[in-house]
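Next come the structures, one after another.
Shared between the two complexes below is chain A, which pairs with chain B and chain C, respectively.
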Partner chain A sequence: MTLGTHIRLTLACSLLLLALSTWGAGQVHGLTLLLSEPGGVYQEAAERLRDDLLVSGEPGFQVRIQNQAERSGPGGEALLVAFGVKALRTALTSRSNAPILALMVPRQSYEALAGEHAAARGRMVTAIWLDQPYGRQLALLRAALPQVKRVGVLAGEASKSQTDEIVRAGESLQLRVSPRLVGASGEVFTALADFEREVDALLLIPDPLVVNRATLQSLMLNTYHQRLPVLAYSESLLRSGALLALYATPRQVGQEGAVAIRAIFQRGEPRLPPPAYTRALTVKLNWSVARSLGFNPPSEAELTARLETAP
Partner chain B sequence: MFARLTVSLAGLLFIPVLHAAEQGAPAGLPPELPNEADFFAEQPIVLSVSRLARPAAQSPAAVTVIDRAMIEASGFRQLADVFRLVPGFQVGWVRGNLPVVTYQGLSSLYARRMQVLVDGRSVYNPAYGQVHWRALPVALDDIDRIEVVRGPNAANDGANAFQATIHIYTQHAALDRGTEAALSAGENGVLDGIVRHSGGREDLSWRLTYLDRQDDWLDSRYYAQNDGAHERFINLRMDWQASMHDTVTVESGYTLANWDNSTVGYTFSPSQTTDFNSWYVQGSWHRVIDADSEISAQFHHTWTRGIEEFSIPSKLGLGPVSPDNLNFWFQRDALELDVVQRLSATLRMTWGAEARYEAAWSPSVTGKNHTLDGSTYRLSAATEWAPAPEWLFHVGAMWERNYYGGDMLSPRLAVNWQPVHGHSLRLATARAYRTPNILEQNADFKLTEAGFNLDQYLLSPYRLKPERITTRELGYVFQSADNSLALDLRLFHNQVEDIIDFTTPYPVPGELAGNGADLTYANLYRATQRGGEYQLRWKYAPEGWVSLWQSWVYTASDSTDYADSVPRHSLGLLTARELAGGWNTSLGYYRVGEMTWVGFGGPTPAHDRLDLRLAKHWKAGGARWEAAVTAQSVLGKVSEYGPSRYFDPRAFATLRVRF
Partner chain C sequence: MKIRARAMLLGLLPTLLVAILLGGYLIYARLADLDADMRARGHALIRHLGMSVEYGVVSGNTAALDNLLKSSLAEPDVVFIRVRGESGAVLAQSGRAPPGMPALPSEGMAEGPIDHLLFSAPVVLRPKRADPDPFLPDLDESQPRRIAWVDVVLSRTGYFSARNGMLLAALAIVLLGLAFATLLVSRLALTGIQPIMSMIAAVRRIAAGDLSVRVAVTAKSELRDLQSDINCMGESLQSMHQDMQGRVREATLELSRQKEAAETANAAKSKFLAAASHDLRQPMQAIALYVAAMKPKLEGRDVYKILEKVEQSVVTMESLFNTILDISKLDAGVVTPSIQSVSVPVLFDSLAGEFRLEAEAKGLSLRFHARPLVLASDPVLLGRVLRNLIANALRYTEQGGLLVSARKNHGRTCIQVWDTGVGIAPEHLSRVFQEFFQVSNPQRDRTLGLGLGLAIVERLVRLLGHELSAQSLPGRGSVFSLAIPIAGHAELSREIEKAPLPGHLEGQVLVLDDDPEALDSLATLLSVWGLTVISAKSLDEALVQIDGSPDILLTDYRLAGETGLEAWERTKQHFNWKGLPAIVITGDTGQETLKAIADSGAHLLHKPVAPAKLRALLGRVLRNITKPESP
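Showing the complex of A and B:
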């Protein structure tokens, strides 16, 4: 091979590579999965999302997993996927202009953060909220324990804005929801005493004032003592003593995120849907508590099927 | 000792607790908003397997649960009375300081054939066998629930779980936070005051209870001896969530009682009184491994003393008559280990080990001016196997080495069959032993003057064998789908052998009066009991419920005393209803058929007792208030122990505030 041939061949290959890379730039979407903390539930969800996207046979995504504390400067990605509140905050304040998809963020925190940051800067941001919609939670209660007619809710400062929505959701299911506002953790005990004989079940909603280290034992012991079945929002609260729980697992968060991302990039340029509650759901029963209280709810599979087919 | 134990457990077990609230919300958010850690943070298992009441359909034995609602509706002031709510139980008041509680009779004024546990601590008197019910530092307001296992249950409840086991569970200190004060006053000198405070800080909860209670129990028109009683006690419970999996509970209490008359059973002078005090401390550690598995260790120490002094006029003119007291003390120390393990989806196992030391000093009735003591060791194991959802097999046994009884093995076999949800059958057989108590084995009670034996009352010349019970039973449990109706039916056959009691006068050389030892302990009798009992609970409306129970027992024995010691029929009814405006009413009716308490009790005619209670609840000034009036025995006077110790109708009022 002469030197000239060699130069020509090198030039042709370079042009071909350039052409290929230019062609590819329109098709491969760079994603940064930004984790609030390394490892744990964030890693589990992010890896599931990445695997679902890459294994699905669509070559159009390039996925990078990054801890939010390590992020400095713009990442050049087409979409920032924030896992958790800390990651969302970092994403919102980062110098990137990439649109943001927030996962694993409760609705209230999302609304507070997105309102605070995105509005000012005009960032495209959406979320799949980690919480389950109240209508779905109450529908589960109704399906699992048909004898329940009156539902108590304990709300602190953070969640008092939610109570009207919960009451309305109850009305559409013929459930009378009685919210009790607590101003401090200590008031949880008197509020629980108020519930005695006034409600048939307790719907726990995430509010750090209501469920915390100082109240958890008392919450579980008092409700058991009053024979009040509790619907909780996490698996660990179920194990702690709730009768029933409805939640999305980290794995489900990842799976749902992957589906959402494909939809976002369906037409090439990212288009963000409005924020919405998660559609993923896991129903779990604490059979020891159920049996001890004398309840005999349908199986988890049956309850899940009923919720999934609900309108 | 107790402080060292707590500190060392704390150091050993502390594991940092991860919690959402501790992690703090991210900067930029108001701190109280929820974040994802609220959904994913690990939480301790609060309702672990030992905290959950077992469904009756899965139990290897018949269990009656008395909950707070029943205790409140009953209007009872005394713990002993609460057992009127259990099918087959008899409660008799020998005097105001001496209630007797027994299951299916066979009892003298010392009911000796039950295991009684307060939060796992055995409280019967190892010296005489009975429970000092009035002196237990357990306020009715502090009780979470009482579970009564009817029938022998040594495989689970350990030594002395012979005729029945009473488990009294006090409330976890994290329940009912706040301060409560109540005052009761009424006829027959009823004057009770109680103050309870429950507080907490993060992982630690505590409750302190102080009670002052007094009354004059029996009607002095019929019962000539004084029987006023006054006791004060203080009790502390602390619950500490030491880590995600570990909890430590410490309880301690002290009782001081002043009772007219004797608590031992011998009255020598009208002015005889008993000064009684008792204290205990117990510490337990629980590690919850998962919802089905946990390990726990417990230590407890109890010390009790009774001071009864009197003088007996000289009989011979040679000097003072001895004894001039019936003083006693006893103590119990125990170390226990219990493990609950799920071995597979169908197999669960519990096992336990205990070392117990018991000591008593009672020179007047034992004739020995030194401490009598001994150690007991036990190992117990019980397995539950559920080869199919409708079947549950129980195989269990306890091995025990006792200082008097030697080696004993108490097995139990049971099967639950639940062909349809809500209907369950139980077939069970069990054996248990009751070892002789310290008095039974060592009695030597005599009046002496200047070295002469005036009269020999008690003697234990024989080496006693433990009593043995073998029970077979068939049970049926019904629970309606909405939990409003529950029925528990039990048919049983008991064979009790080697019953320890007093034999006919025993020759005693040198006795000046009497015809030998009046009471000589020996293994004397056997008894066969068959019968049935049921309990029914119906919550007919959210505001009202009714509980009804009956018991029929036919007893055959080679001793007419024992054959007659069990009422053929007994019935109880307790009902409560909430009315508008914060009013509550309740009614308790208790009927016990004719029976004869063994020993000095004498024939007790069939009797009916009706109690009524009316209460009003309201809120004012940020506090909850309750005013109640309780009327007891409104149908007229009743004698529950012998023919003439009358409990006359009485009423008292209670005012309670909680803030």
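Showing the complex of A and C:
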């Protein structure tokens, strides 16, 4: 989407909010949807959110979608919705005092940024983390591949703090999680080789040292050769060769965001809930990999249903 | 093949052969390399792809597969790549499949349609573990799993264009090399053989006779010596030629000198013989005529016997003279044979009559055996040949006898004279035909002849064109054979050649001779025979004495002041009788004289004249004359 389109869109939204404010008797909340990048998943999620808010017919929201790069000075909005890490960073550093709802931000990044900025300035910040909770991920692994008893996790410096949580989540599911810390990209394959007989599946967690463009293909090939099923956290990783992926789609993020915003403004003044994992989930299977490696998991719908009904 | 062509061939053929063989071998090797390289590349690529697409196939990442195939398509000669799933479904493909591509092999390589190589390899998921896990035997996957196929098609267009390029380049190089070699050969090799060519040309010209030709001594190799030698040879030949020419000239001069000398000698001999014959015959004839004249007058007296012995001696001497004269005439070539039909029985009858008495006197038998044959020969000369042979045989035969036979043999008549005489030793047989050769007469007994009989026989036979041969066994006898062409059968009527001797002669004879003795003896004889004789030393003297025309003129050839022929001519004019017959007597053997007499139509008698012969001739001539009516 071009800059011109943005401007036209923003103008249209402003005119609509003005009309609504003059038409409706209630309070109108100004929302700014701050995108890390124009277009793409952020745009898709933001538009879904806006559409959901506006289409529901409830007056009181004035929605503006803004690219974080275009942000200059206070916006005067009631809630700043940041899509992505860059947008969150911009929101945190902006001179506005509006509370911030972060969407499409991994928990690890959120915690790092929020700890850095919000605490210092006493701003209200909350988030719906993009990550799926580890318990849910491991549960999916159980459901899809019941024979899996041992799960390997590769963690870099950025994600090593997560490993304890994963291990704990595994314990609750009778899965033995074996985390391996890698100091450099090259160690990924050494660590993978160590898993040779120790694990039955690999859980990928977002860590730039472990999962990056350079290592991805080799990583996948190695898991094939070891017949290791891989559970990934995004659709792109699934396309890159993971057997399973559990993630929230931008559309789901937008929907979930709209629900959350309504809840925030339910009593007039905004009241932010604590940050939490997303409740939205999408299960995807790479049938090519399943065939090649000889796995025969249940269908995506069945798996999704199992997860959604799980406690 | 010419030396030039050979040199060209020698220079070019190895070059061409090496160029073609080397070029062919190198191209073949290079093409084989290219082909092997291409196949190796194909195999390497398919292996590499088999591994590379493993990730894409397993992950189902078609984008990654597409990228991979596209990048592989950039490899040289690759025109089509395809990844098929295990079920055969196409997972990804890149490039354009060649038309008419056959079903790809399950694994390995195949020659594709027109100019393509097809490679195919399975995509294998590698084994999970090298060593099986004893605790998890179910999960053991030590066997590789085939999960897809990769097909690669390489185009051979590049290979073929490289091949064509190489062939063209090789051809160009060969042609260039050939052109260079041709240039080099024609410049160097042919320059090298130039001296040889010039030497060949020079030798050919020398062989053709041009001895002045020389070769330029230009060569720097061993050929230089050869060039010099050819020049030396030319000089030697030239000088030899000139020398030879000089010698030939000298020899020719010498020969012509000798020829002249021989001709002069021969002329001198003929002259001598002619003169001798004439001069010796004159007195001989005179004696003979006197004796003949005296005989009737002395008949019955004592001296008659002496006269008879004188006559006998004269006859012998005359015979000897005649023999010598015959040889001389034959040698002079004045005797011309007159070939006509000769009856063998007639000839034999005549001979039998002639020799019967002689044979009987010696107590020898003489037999003639003749078939009725007719020969082509001169009767007079052939008769003389046979007479000589028979006389010779009688002379040397003391007992036994002679046989004269005639028979047909190989289309010719063979006349043989057999005798049972002393015979001739083989070493003498070839010499019996030489003049004056006598086998058993060392004392030169004149009664045994001069040894000229067989020499005359040999000359006569040669003149007649017959063949003569002799065979003999000493002590047993000899046989002389004559081979004569046959003319035909003789008429059986026996024509008697011999005219019967005239008993009495009549007529007036004018006798001219400038030698008084000869004139007198001749006149005496003619008178004895009953002829009217008017004798004179010259015609003018005779014309004073004579009244009417004589019946015949008998004259010596050599008269004082004129020849007998001129006298005859004047006599004919004087008496106005063109048909006046004449007998010319001469001792000359000169060819011109004899020819002149023969041409004039006069009868010829050689000196010394046998009285019988003269009488016979006179009788014949006088019988046939027809005198014109006297005016």
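To be clear about the criterion, the second predicted complex is superposed on the first by the 285 of 311 C-alpha atoms of A that agree within 3 Å, B and C clash if a C-alpha of one lies under 4 Å from a C-alpha of the other, contacts with A are read in each partner's own complex, and residues count from 1 in each chain.
The rule is short, and it goes like this: a residue touches a chain if its C-beta (ideal position, glycine included) is under 8 Å from a C-beta of that chain, and two chains touch if they have at least 3 such contacts.
Predicted, not measured: the structure shown is a model, and the values here were computed from it.
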{"item": "Overlay on chain A: chain C relative to chain B, clash or fit", "value": "clash"}
{"item": "Contacts of A:89 with chain B and chain C, given as first, second, both or neither", "value": "first"}
{"item": "Touched partner set for A:34, first chain B, second chain C, both or neither", "value": "neither"}
{"item": "Chain B versus chain C, judged by how many residues of chain A each one touches", "value": "B"}
{"item": "Chain B versus chain C as contact partner of A:141, first or second or both or neither", "value": "neither"}
{"item": "First (chain B), second (chain C), both or neither touched by A:260", "value": "neither"}
{"item": "Touching partner for A:286 - first (chain B), second (chain C), both, neither", "value": "both"}
{"item": "Touching partner for A:241 - first (chain B), second (chain C), both, neither", "value": "both"}
{"item": "First (chain B), second (chain C), both or neither touched by A:182", "value": "neither"}
{"item": "Contacts of A:196 with chain B and chain C, given as first, second, both or neither", "value": "second"}
{"item": "Clash with chain C, by chain B stretch, listed 26-34, 44-52 or 440-448", "value": "44-52"}
{"item": "Chain B and chain C contact sites that coincide on chain A, given as residue numbers", "value": "197, 217, 220-221, 224-225, 239-241, 286, 288-289, 292-294"}
{"item": "Residues of chain A defined as touching chain B within the complex", "value": "36, 40-41, 84-86, 89, 104-106, 108-109, 112-113, 116, 130, 147, 156-159, 186, 189-190, 193, 197, 206-209, 211-214, 216-218, 220-222, 224-225, 233-234, 236-237, 239-241, 247, 250, 286, 288-289, 291-296"}
{"item": "Residue numbers on chain C that touch chain A, as the complex places them", "value": "54-55, 57-61, 63-64, 125-129, 133, 139, 141, 145, 147"}
{"item": "Residues on chain B engaged by chain A in the complex (per definition of touch)", "value": "17, 19-22, 25-36, 38-47, 49, 51-55, 58, 68, 144, 171-172, 174-178, 200-203, 205, 239, 241, 290-292, 421, 479, 481-483, 486, 542-543, 578, 624"}
{"item": "Touching residues on chain A, where the partner in the complex is chain C", "value": "196-197, 217, 220-221, 224-227, 239-241, 286-289, 292-294"}
